[in-house]
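Some structures to go through are shown next.
There are two complexes below, and they share chain A, which is joined by chain B in the first and by chain C in the second.
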Partner chain A sequence: MKLEMGYIHIKDIRFSEESRIQDGILYVSEKAVRETALEDEKLKSVSFDIARPGASVRITPVKDVIEPRVKVEGRGGIFPGIISKTDTVGEGKTYALKGMAVVTAGKIVGFQEGVIDMTGPGAEYTPFSKTLNLVMVCGAQEGIEPHEYEKAVRLAGFRVAVYIGELARTLTPDETTVYETCGLKEGIEKYPELPRVAYVQMLQSQGLLHDTYVYGVDAKRIVPTILSPTEIMDGAIVSGNCVSACDKNPTYVHLNNPVVHDLFEQHGKTLNFVCQIITNENVYLADKQRSSDWTAKLCRMLDLDGVIVSQEGFGNPDTDLIMNCKKIEAEGIKTVIITDEYAGRDGKSQSLADADTAADAVITGGNANQVVILPKLDKVIGTLDYITKIAGASEQTLHEDGSLEVELQVITGATNETGFNKLSAR
Partner chain B sequence: MAQNNFEIITNNPLVLGKLRETHYVIYHDISYEEILKEVRDRIHEGHRLLSHPLSGSVKPKETPYKSIIITTGKGMEPDIESLELIENAIEACGKFAFKADLYGAGVYKDFQLIDWTLLKSALESAEI
Partner chain C sequence: MAKIKVVHYINQFFAQIGGEEKADYPAELRVGETVGPGLAFAANFKDEAEIIATIVCGDSYFNENLEKAKADILAMVKEQKPDVFIAGPAFNAGRYGVACGTIAAAVQEELGIPAVTGMYVENPGADMFKNHVYMIATKNNAAGMRGAVAKMAPLALKLGKGEPVGASAEEGYMPNGIRVNFFEKKRGSARAVDMLLKKLAGKPFETEYPMPNFDRVAPNPAVKDLAHAKIALVTSGGIVPKGNPDHIESSSASHYGEYDITGVTDLTEDTYETAHGGYDPVYANQDADRVLPIDVLRDMEKEGVIGELHHLFYTTVGNGTAVASAKAFAAEIGRKLKADGVDAVILTST
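Then we have the complex of A and B:
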């Protein structure tokens, strides 16, 4: 499968009468994006704001971060099975707006997290302080159930991102990169000397605010399967989870998964990037057993030499991670696992809730219990009502000077387990 | 697996209300950690874990609620895998500061709802 990605660099976002992209500036008609967001009658209100890197702005509670894209050639459209009709994506030509994101925020439940600071020490810990953010704070109609509210916010974000992506359809990209995968036989013939490597991506799949969707299918209901790694670049996988925001993958991370991009970088040079295998992280133990069995089986049937496994979340996904690692290693296939740590505030506690000697190559995204002080910022987009009550915060969270003492858990993307952020350890 | 082959141990009143008529629910008004210990004691009696004790990303001691599915039937010996999982879960509780008493009444309802959706996802698998 061959996908040409065209990158259009966005230098600023401005509100305007008419939506368009001109000379790298995204002009957004607030009226148009409001109408797009409020197509869903479950949403009562939406307010839009622009947060620029370096500005004294805190965004919270963040639900998702999305990069606008448009499919200009090839099958299907962006977010297949969700916004576009179901069709296999990942080939043809797609444009992405780089340097910007659509960020969704909304109350949904009374304990909230997901903080993006655009300046100060907090900004150092989130990758989304470096993007120009078009933030949409969504309010629900009275009497709407939390799961309906969550779905309405999730889909409104995708609609707005697709609306903005469409503005780039006729532009000429600033940069172009081609990603191409081989069929199995073709890959063996083309790269006979190179190790066959796949990426096993574990998807959070447990319940309200803990879900992921693949082509519109709730990931709880999938069995492990194979993707061409280019499919994710068209939005085949989207986020529906944000609890303990440090190690959850917003849709932006799925679209730009660094494991996929780095494996493509090495494809044909040091390894043969065979495919992406997706699996889930269910609550029911028999599901964990089945999914890890099947993941290992797929790895074996593909005659892989090595896999990289990325986790999403902490706690019970540690069990899935170790099951995957043990079973794949037992097939004689080398694994490298990517996780993060809950090692206590002093970093001295056991990092994972499960472990095994087979997990002898481990990459960490950082310690989510690490404490940081976030100074008071001039402007809040969303609300601080919940910040004293979010994961990793404590009763001393809000200091007299308005600064916040929190654990990294609350910061969107801080300890991302695909390596999307920059924390790690040796 | 038929419904009568498992039981639910919970401290979540929402779960009790939703399932008491149709499922075998053991409800105790005790803490999250005490629920884990209650389950551990039952595993020592020979029950097996069917759902993961650390389900969800709301951390222990942050949410007060936890619902866990175990087998109704008992084996002759404690199941080692179940024991490891529950002991690791109890140990993991030690890493988190207690703040489950900081919230307003409405927030407890939200915690109950999240615990219920996590359990529901497991029940959907258990009842196939």
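Then we have the complex of A and C:
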């Protein structure tokens, strides 16, 4: 499958009477995006704001971060099965607005939404301090259940991102990259000497606000399957989860999955990037066994030489990670896993809830329990009302001078387990 | 700014007194002298630090007169009041390595003066002391002096100035059981691809997290006589009396709660809730028995299926809680349950 990605660099976002993109500046009609967001009657209100890199702004509680894209050629549309009709994506031509994101925020759903600081020490840890953020703070209608609220906010974010992506349809991209994978036979013939490598992505599917959707299907209800790695670039996988902010994959990370991009970088040079395998992280033992068995089986059937496995979340999914690693290694396939650590605030504890000697090649996104002090910032988009309840915060979080004492856990994307960041630990 | 004051410890060989035949050389303080490898340190420090004294001691003397040598050397160091203490590097010299580790750890622990040493990873002193004192990994012989000093000197300066010390991979010290965050040059996914390519090619690679020896607990044999057994409930699902009176954290719990359920037959929305931040709390808050099944156990108590339900339950939040904390809670809870004559425990999670 061949997908041409056109990148359009956004230099600023401004509110305006009419929505358009001109000379790298995104002009947004507040009226239009509000109407798009409020198409869902479960949402009562939405307010929009712009957070720029370096500004003294804190966004919280953050739910999702989304990069606007538009499909300009080929089958399907962005977010198939969710916003666009179901159709296989990953071929043709897609434009992405680089340097910006749509960030959804609002009253808390579970305990686990995150913080994005646009400046200061917190900004060093979140990748979304470097993007121009169009933030939408959504308010729910009275009496709707938290999970309905979560869904309404999630979909509103996608609608707004797609609305903004559409503004780029007729533009000429600043940069273009072509991503192409081969069919199985074609790949073997074309690259007979190169090791056959796949990416095994574990999708958060613990349920109860820990969900991921693939073409609109709840990932709890999938068995492991294969994707062309270009499918994610059109939004085949989206986040629906509220696990700890530091190591959940916002939709932005799915769209820009770094393992996919870095394997493409080596494709045809040092390795043959065969495909992406997706599996889940269900909480029942039978599901864990079935999914890890199937993942290893698919790796074997594809005659792979090596895989990279990425995790999402921590604790319970550590067992899925280790089961996948053990079973894939047992097939004689070289495995590298990407995780993060909960080594305690002092760094002295065992980092994962499970371990095995087969996991001899580990990449870590850092210790999520590390404490940081986030100084008071001038402006809060959203609310600090729930800050002590976000996972990684405590009753002692809010200091008298307005600074926050928190674990990295609270910071959106800080210890991402697809290897999105440079943070690590030893 | 005043220069950082350093006291340097070396053996008889590096003081050019002699080899094995002089290994019984007793501890000696040379105030104002920079000796042997000290010159390399001094060059590396430039104007930031100076070696105010060198202590020389024979390797056999140190190890055969451990207590006396240690006490003498500690007294010498104390008198000099340095900002930082450096021992070695010892490379692969076994007795020298043990001496460096012993004295560096003692200076740090007993005098409160930060210390750094260096040696080859297979030196017996490494395993003994790498978790006690910063220990730079060096080559296995003195040809590696330059490289060793290039890492030990900057680390000594940081310690002397009280500056934060980075991760082992950055500073060059041996992993010491304390995980420290730092920023790599490449993002994680690119590091994963690099590591996989090395692994596929059969080339050496270094994992970023060596797997620990996992603590697995074998389950006890089944309880034979349930009808006379005292059963307790323990949960990591965060069920607490409404309002979370002991403020158990929603994640990374620092403590557990102990609550009396004498007379309680059912947990209701008005009386109990969950403090757990790792799952949607709606269903647990509606009916906490879903996580801590007191209602069912009361029925079983009445029906004579179990002897009795223990009047206390123990609870904490498993979400993101460090294994070391969980282990400490479990040891304490276990002792209390045993003291109360509990025969079996039902552990519920979420």
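We take it that the second predicted complex is superposed on the first by the 421 of 426 C-alpha atoms of A that agree within 3 Å, B and C clash if a C-alpha of one lies under 4 Å from a C-alpha of the other, contacts with A are read in each partner's own complex, and residues count from 1 in each chain.
By definition in this document, contacts are C-beta pairs under 8 Å (C-beta built on N, C-alpha and C of every residue); 3 or more make two chains touch, one makes a residue touch a chain.
What you are looking at is a predicted structure, and each value in this text was computed from that prediction instead of being measured.
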Ask   = Following superposition onto chain A, is the placement of chain B relative to chain C best described as a clash or a fit?
value = clash
Request  = Answer with first, second, both or neither: which of chain B and chain C does A:362 touch in the superposed model?
outcome  = second
Request  = Count the residues of chain A touched by chain B and by chain C, then name the partner with the higher count.
outcome  = C
Key: Partner chain(s) touched by A:284 [first = chain B, second = chain C, both, neither]   = first
Inquiry  = On the A-aligned overlay, A:422 touches which partner chain: chain B = first, chain C = second, or both, or neither?
reply    = second
Message = Looking at A:241 after the superposition, I want to know if it touches chain B, chain C, both of them or none. Which is it: first, second, both, neither?
response = first
Message = A:338 in the overlay: touching chain B, chain C, both, or neither? Say first, second, both or neither.
response = second
Inquiry  = Between chain B and chain C, whom does A:259 touch in the aligned arrangement: first, second, both, or neither?
reply    = second
Task = Kindly classify A:319 by the partners it touches after superposition: chain B alone (first), chain C alone (second), both, or neither?
result = first
Task = State whether A:220 touches chain B only (first), chain C only (second), both chains, or neither.
result = first
Ask   = Of the partners chain B and chain C, which touch A:208 in the superposed model: first, second, both, neither?
value = both
Remark   = Of the listed chain C stretches (43-51, 151-159 or 313-321), the one clashing with chain B is 313-321
Key: Those residues of chain A which chain B touches in one complex and chain C touches in the other   = 109-111, 146-147, 206-210, 243-244, 314-315, 342-344, 349-350, 353-354, 369, 389, 391-395, 409
Message = Residue numbers of chain A touching chain C in their complex, please.
response = 109-112, 145-147, 195, 197, 206-210, 243-244, 258-259, 261-263, 265-266, 270-271, 305-308, 314-315, 334, 336, 338-339, 341-357, 359-370, 389-395, 407-409, 416-426
Request  = Flag every residue of chain A that touches chain B in the complex, lowest number first.
outcome  = 109-111, 146-147, 204-210, 220, 241, 243-244, 248, 282-288, 313-316, 318-319, 342-344, 349-350, 353-354, 369, 388-389, 391-395, 409
Ask   = Within the complex, which stretch of chain B touches chain A?
value = 49-59, 62-63, 69, 85, 88-89, 91-92, 94-95, 97, 99, 102-104, 106-107, 109-111, 113-114, 117-122, 124-126
Key: chain C residues touching chain A - in the complex, by the definition given at the top   = 167-170, 175, 177-193, 195-197, 199-200, 205, 207-215, 247, 249-252, 254, 276-283, 318-325
